[in-house]
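Here come two complexes built around chain A, the first alongside chain B, the second alongside chain C.
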Partner chain A sequence: MKKYIQVLKATLQEYFIYRLNFVMWRVRSVIQLLLLYFLWLVIFQKNQVVFGYDKSQILTYVLGVWALRALVLSTRTAEVGGEISRGDLSLYLLRPISYVKYWFSRDLADKIFNIGFFIVEAVILVFLLKPPLVFQTNLLLIFCTLFSIFIGIFLLFNISFLLGLSTFWAPEGEWGGPRFLFNIILDFFSGGLFPLDILPLLLFRFLQILPFPYLLFFPLNIYLGRLNTLQIFQGYLIMTFWLIVSTWLIKIVWQKGLRVYSAVGR
Partner chain B sequence: MPTISVSRLKKYYQVHEKEPGVLGSIKSLFKRKYKDIKAVDGISFEIEEGELVGFIGPNGAGKTTTLKCLSGLLYPTLGEISVLGFTPWDRKTEFLKQIALVMGQKNQLWWDLPPMETFALNKEIYEISQKQFEETLDELVKLLEVRDILKIQVRKLSLGQRMKCELIAALLHSPKVLFLDEPTIGLDVVMQKKMRDFIKEYNRQKKSTILLTSHYMGDVKELCQRVIIIDRGKIIFDGRLSEIVEKFAPQKILSVVFSKEFDLKKLDEIGEVKELDFPKAQILVSRGASNSAAAELLHHFPVADLNIEEIPIEDIIRQIFTGAQIKSE
Partner chain C sequence: MLKSLKKYLKVWYLMTTASFSSFLISRFAAVVLLSGKLLRFLFFLFFLYLLVGKTKVLGGYTLNQVVFFFLTFNLVDILVQLFLRGIYRFRSLVVSGDLDLILVRPINTLFRSLVCWTDLLDFITIVPLIIYLIIFLANGQVAFSPIGILLYLLLILNAFVLALAIHIIVAGVGVITYEVDNAIWLYRDISSMGRIPIDVYMEPVRSLLTFVLPVSVLMTFPAKALMGLLSWQWMIFSFLISGIFLWVSLRFWKYALTRYSSASS
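So, the complex of A and B:
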């Protein structure tokens, strides 16, 4: 355990060196938020309720997406593919350390840093914009939200890590095509652009089978009190299913991948 | 039981061949021709505890592939390996804690942090006690003279400094078996010498088993009593360095300085004239006949100075490498 805490600590130290990069990343995130925020404000100028959401619910959703981007979607596993295709993976295989846990520790550091910044930014923006927000008072719902976020963190890690492992067979997985496609799908299917239940019902139903909506849309809907007990329970089941499947896949893909790994780059 | 034992190890890679040009690229999209590359083709050897063995061969001979198989990075295609009683590719924690592979061209140091941070991380990874960590680190830092750079960002260090820190990071857990893949690559002569001294000293003090590859004969000459030469995935020599000379160099060199001019053509009667730059000459004669040839020279030629020398090991190795290549082509 101590080794992974040390990885986390070292990763945190790295962020202090790449200050500019990190600040830019946060600026991008704030701009993303403001775009959505003002877009919805315009839509709500004429209507009281849009797609079954009122103004405070949507603005809470937008702010919530922003928070969960820092908490759930933030990941460093995009670098896994690069390490495999360059052969840097060897450096981990040589040491008694689990590569999966190593990257998870790095992800945690990433999340800690992102959330730290998020809190500061959120306080400033809420103070400046004074948006109407939904404050959930039902403790059980808050707990249910936190629980889904907790599972979501592992779920996103697994999916993104798996994508990185594909590099064992397709060296171009390093960045390029697959990762871009993944990011777009992720953003859209998880409800990062708008709440998914404004989509046609059939499409929405289909999306609900996939793991993505459970990363952003699902926890935020629990928080907003828009789901009943059965729906929450059903969501947990699907999440858990994907979590188990992805964990199992990582195990298999990792073992097969190591067989074809040729430890390139000398 | 030997520390390392390798038996009939084979490692084949499958690579796809692409015909030249864009058309070839388009073809390869639909139909790929695969070809087996025999990186290591049935080698066997054993290494005892505490031995320092040099592993040499031309580029692409299979040295690095062998080291990777030995350290558990690669699954061999065929054959058996045992290192410290373990099968490397099981990558058991107990095994990993006792070995290290240092690659001259790969860094485990965190690029943006001072080396000390990587050391601290390895302390946890290898579960080294604080006391042992401090002692080992202190010892290594002293031996390699790097005390003043431990807190400087790795990216700001010179190649030599970085290599030293790489070594420290790899040796903190006091591995019993050490694989060094070109530890002196890119280093200047002074640094090379220091590195060699260090490896020698480390082997002597810790009694650790070391297998090293290098393109610098200097490394091998100075460090290794035993040498394994590999070419095209096969071992072509395994023995003491001095035996290479006897086995592969059937000739010796007579180095002569003459005192006055004479008919230089006559020298051909003695042996093969390798170099002639009057008044100096170098003549190759067969090993057994070197003494009589020297006597002949002294008798019939105006000799000022004469030496019987062995052919330099570099030349022999070069001959072996090129010879082996010609044979297989």
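So, the complex of A and C:
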């Protein structure tokens, strides 16, 4: 455990070295938020309720998406593919550490840093924009939201890590494309652009089978009090299913991947 | 003049051929990247249809007008990506000192650094986009006049000049600070706010996007001109601001070169 805490600390120190990179990344994140924020704001200039959401609910959703991007979707596992394709994985195989736990520690550091910045940015933006927000007072719903975020962090890590492991079978230098595609699908299907329940019912039902909506849309809808107990329980079941499947897949893919790994580039 | 133009065209052609060849080496990656670009476009278009289809108007614009703004945003964005892709490789030129090899050649350094790496994927995506735009307009989805088309094309060209100026400034910053990637991604994120008409944003964001980093001139004004919604004062402002940006960028580039340390060469 101690060594992974050291990895976490070292990753945090990395951010302090490349401060400008991180600040710029956060600035970009705020810009992405502003696009959606103003888009929804203008929609509610002439409408009280749109797609079953009122103004405060939708603006809370937009700000919530922004928060969960920092907490759930932020990940360093995008670098896994590069390490495998360059042969840098060999350096880790020789060390007495778990490659999965190593990357999870780095992910945690990334989340800590992102959330730290997010809190400061959120205070400033809420002060400047003064959006009407939903403040949930039901402690049970807050707990359920936090629990879904907790599982979501592991789920995102598993899916993203698995994508990185696919590089074992992809020729050198071709891992960037799938990652780009994955990020676009992830953003849309997790509800990063809009709440997924505004989609046609059939499409929405289909998306609910996939793991993506449980990363952003599901926790935020619990927070907003839009889901009943059965729907929350159902969501947890699907999340747990995907978590077990993805963990199992990581084991299988890792073992099979190591057999084809030839340390190209080393 | 003609001889010089021919030389530059030949250099661009040779470099573009090399760039296309490099894309074709990784066909799988190219197909996946292309799918990603296409999906990103379709997802946002779908979102606009869903949202504005329900509310009927967005900031006073009809659904078709909003879609046209989005299509114009994509046209400008892809044009800039297509011809100024070299900026993404510029940092490595500076950090490695390889910029020396370009500086000593009898060719404009900015041209060689910024323009000579045409992205095949953008080339592939811009063709169907233009066809879609033409069909969209031919079907009468938005009202326009022949003079509107002329102004649209002129303002698209003007937007490209403005984008070029911004890329030159970023390159200059790169020479001085060795930092390019964040600056260019920041530009891309800010310009992505032009996916919807800038009029939608409230003050002071709207003014910032018009006067400080003129995303309006880049993305919104061409579409407004075609639909006859742009006054002549704003048109003059557009050309003026692009001219000022270009002048400032070239001055800044010259200054940046005096600070070039030729590190690692």
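Operating definition for what follows: the second predicted complex is superposed on the first by the 261 of 266 C-alpha atoms of A that agree within 3 Å, B and C clash if a C-alpha of one lies under 4 Å from a C-alpha of the other, contacts with A are read in each partner's own complex, and residues count from 1 in each chain.
Basically, contacts are C-beta pairs under 8 Å (C-beta built on N, C-alpha and C of every residue); 3 or more make two chains touch, one makes a residue touch a chain.
Keep in mind that what you see is a predicted model, and the values were worked out from it rather than measured.
Enquirer: So if we stack both complexes on chain A, do chain B and chain C clash, or do they fit?
Expert: Verdict on chain A: chain B and chain C fit.
Enquirer: Examine A:Arg259 and indicate which partner it touches, taking first as chain B and second as chain C; both and neither are also allowed.
Expert: first
Enquirer: Give one of first, second, both or neither to describe whether A:Ile209 is in contact with chain B, with chain C, with both, or with none.
Expert: It touches nothing on chain B or chain C.
Enquirer: Figure out whether A:Ala10 sits in contact with chain B (first) or chain C (second), or with both, or with neither.
Expert: Once the two structures are laid over each other on A, A:Ala10 reaches chain B alone.
Enquirer: Under the stated touch criterion, which partner chain does A:Val49 make contact with: chain B (first), chain C (second), both, or neither?
Expert: neither
Enquirer: Taking the superposition as given, does A:Pro178 touch the first partner, chain B, the second, chain C, both, or neither?
Expert: The second partner, chain C, only.
Enquirer: Applying the document's definition of touching, compare chain B and chain C: which contacts more of chain A?
Expert: Answer, by number of touched residues of chain A: C.
Enquirer: Please indicate which partner A:Gly87 is in contact with in the superposed arrangement: first for chain B, second for chain C, both, or neither.
Expert: It touches chain B, and chain C stays clear.
Enquirer: In the overlaid three-chain picture, which partner chain does A:Ile97 touch, first (chain B) or second (chain C), both, or neither?
Expert: Only chain B is touched by A:Ile97; chain C is not.
Enquirer: Please indicate which partner A:Leu39 is in contact with in the superposed arrangement: first for chain B, second for chain C, both, or neither.
Expert: Only chain C; A:Leu39 stays clear of chain B.
Enquirer: On the combined arrangement from the superposition, state the nearest Cα-Cα distance between chain B and chain C in Å.
Expert: When the complexes share the chain A frame, the smallest chain B-chain C C-alpha distance is 7 Å.
Enquirer: Show which residues of chain A lie in contact with chain B when the two form their complex.
Expert: Per the touch definition, chain A meets chain B at residues 2-3, 5-7, 10, 13-14, 17-18, 87-88, 90-91, 93-97, 258-259, 261-263, 265-266.
Enquirer: Can you name the residues of chain A that touch chain C in the complex?
Expert: 20-21, 24-25, 27-28, 31-32, 34-35, 38-39, 41-43, 45-47, 50-51, 170-171, 173-174, 176-178, 180-181, 183-185, 188, 193-194, 198-199
Enquirer: Inside the complex, what are the residues of chain C that reach chain A?
Expert: The contact residues of chain C facing chain A are 26, 28-33, 35-36, 39-40, 43-44, 47, 50-51, 54-55, 57-59, 179, 182-183, 185-186, 189-190, 192-193, 195-196, 200-202, 205.
Enquirer: Okay, in this complex, where on chain B does chain A touch?
Expert: Spelled out, the residues of chain B in touch with chain A are 13, 64, 68, 71-75, 91, 93, 96-97, 99-101, 103, 105-108, 110, 112-113, 117-118, 120-127, 153, 181.
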